[in-house]
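This is the structure I want to talk about, given as structure tokens.
By written order: A, B and C. Residues from 1 in each chain.
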């Protein structure tokens, strides 16, 4: 409960500090990522050209690297932005979208975790397993099934990389070298809207922009997404579907209070 | 009626098999295409880099090529992905967005139909006419007027290309070398939302991922879009406009049942 | 009042003439820009490849250049499209997104205003100040604070560039070499949705496509956005947030009548 309180406090921090979150992200879900950052209280900026990413990240509070529609040009920019962020002490959050699905994605994600010092990596179990050097069932950018030992895989990768690792799924896991947090918020309907993973990562980016405790930032982002999903689902009218759910998801992020966060958050440490 | 039943059966197939639909598509409507695939029950994946499209399409059930914001880099990727799909027997659905409006679009669309074996081409009458080697009034990416002989043009092009040709408009036409299907679902409001054509193509891609009868797949995609448009319009409150219509369109795709498909589908063969 | 009437008349012109508005714009807000053009009554087309932009702009009524996610490839295309538009007498509207935030953006915006003859430039005070050769507080793509002399800065830049300059903020300013229009519509919630600036520019592009009076076109676009924002806010239910606001914004653009424009428009000249 005290731990959840400390996590919920970050919501107030975001609304107060309005962190600028620089994204190099895919063109599929970029608009949703920008709007969810605004909904939470942060300020998004998207820039991906090699000629400007180092300058842009220098004014940001956090950097989000999302490899959802990577290409040769934007991969180079990701390394430039990431390395500059590292030199400046700006936290870098990675979403290895589709790692495991193609060689380009797996290799790029692996190079990023090797060459960039990350604050948080957030992915589904297939992506995180690919980063851990194993193989998991993937269907494009979606994990193909549940995983018995997500906490173990996350903790091992966290120790190996020296950063926080978050795995989202039926139960979400956040791990650093010593702690394992388990989150039971959310609902399967979230997987029926594109970009809810990317959006969760952007939320983590916001929170990472206001604290040096990236474990807490990762937990905050993932609880926020799960809670908003639950509340959006509860707000649906009988004739609504995923179109309305998607709109209400943004509404609920916008309206979420620290009190609701504490009341609704389902968090414990293993 | 039996024919409509057979078309409606594909909806159940999509929900059961959850086809992975690989898109190389434009950045204007890509998010809507991803969400409509999810709403129908499929799984979208977007990837456009030459270094990964062949690997990505190999795990897909169907490939959608949409030239809406084509450029030199993505054109090359379309050919790579399309040729690999052909070798693997994965159906390729083409949306020749804006063919007829610029030389680049017309030439690219013509090269695609020549070099890639297509399952379905879906466009408006201006685009299909451009592919057929004629000229039609176009306004950017929109057809500028109705057309007396859409069925004739579609049937001739289908025969020439050896694939299914779908022309959407006031009355929609689906043709292969022998059959002509006519669809009277839909409403002009659909043309007031960007990307409803692209989304129809993505739906066709989903259906093509679960059957070898691409004529039926094309009809299913276009009936689905038209029916959802009708139902979304009926669900509008007095103060709603196209913003709400767009949300409800996704809701209706999500909620559409095979029973409603059969009850509402307005399909006959000429 | 007569002046407001003349501005409101342009709404009818857009609905009658349905101007085709060619955009070279960013991938963050491009879908919203396309939908808002459709909602107003125009027709959007997005194309950014050097091989087709000159041909595409030649059939357009107006060209919108938005540097939101610029890169080397699209910058070249912007100059090609802009110069062709100039030769053909097609109005060019510039949105210098993030000018002042990075050298690339400032330099590109400055080159565009030097080499392309513009009809209208629309930005926030930080962007417009950067174009005027000064420096202003910026946070990525958002202005960091109010400005005492927006009218003075806008008027000076308008005179220097020989085009209309629009500055959006708490009070919006439209200036050409001789007139200064002040607009008091809108609401701070508009800044909590990504792309409302881009969308305002696209609306200006629509209006510029139906008149040679670009001062009036700029005022029309900005009043339209502000009014729609007010009406969308008023239409929110108690549990709604920015997700619903964004949907209703599009609804209100769609439903706006010249009568409401005149009743609600808060416009005067300084």
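By our rule, a residue touches a chain if its C-beta (ideal position, glycine included) is under 8 Å from a C-beta of that chain, and two chains touch if they have at least 3 such contacts.
None of the values given here were measured: they were computed from a predicted structure.
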Copies chain A and chain C touch via same or different residues, half shared test: different
Fitting chain B to chain C on CA atoms, where both chains share a sequence, rotation angle to nearest 5 degrees: 120
Centroid spacing, where centroids are CA-atom means, of chain A and chain C in whole angstrom: 32
Chain A: positions in contact with at least two other chains: 27, 31, 246-247
Chain C residues within the chain A interface of the complex: 26-29, 31-32, 68-72, 98, 101-105, 139-142, 192-195, 239-244, 246-247
Of all residues in chain C, those that touch chain B in their complex: 18, 20, 22, 27, 30-31, 34-35, 38-39, 43-49, 51-52, 55-56, 59-60, 73, 235, 246-255
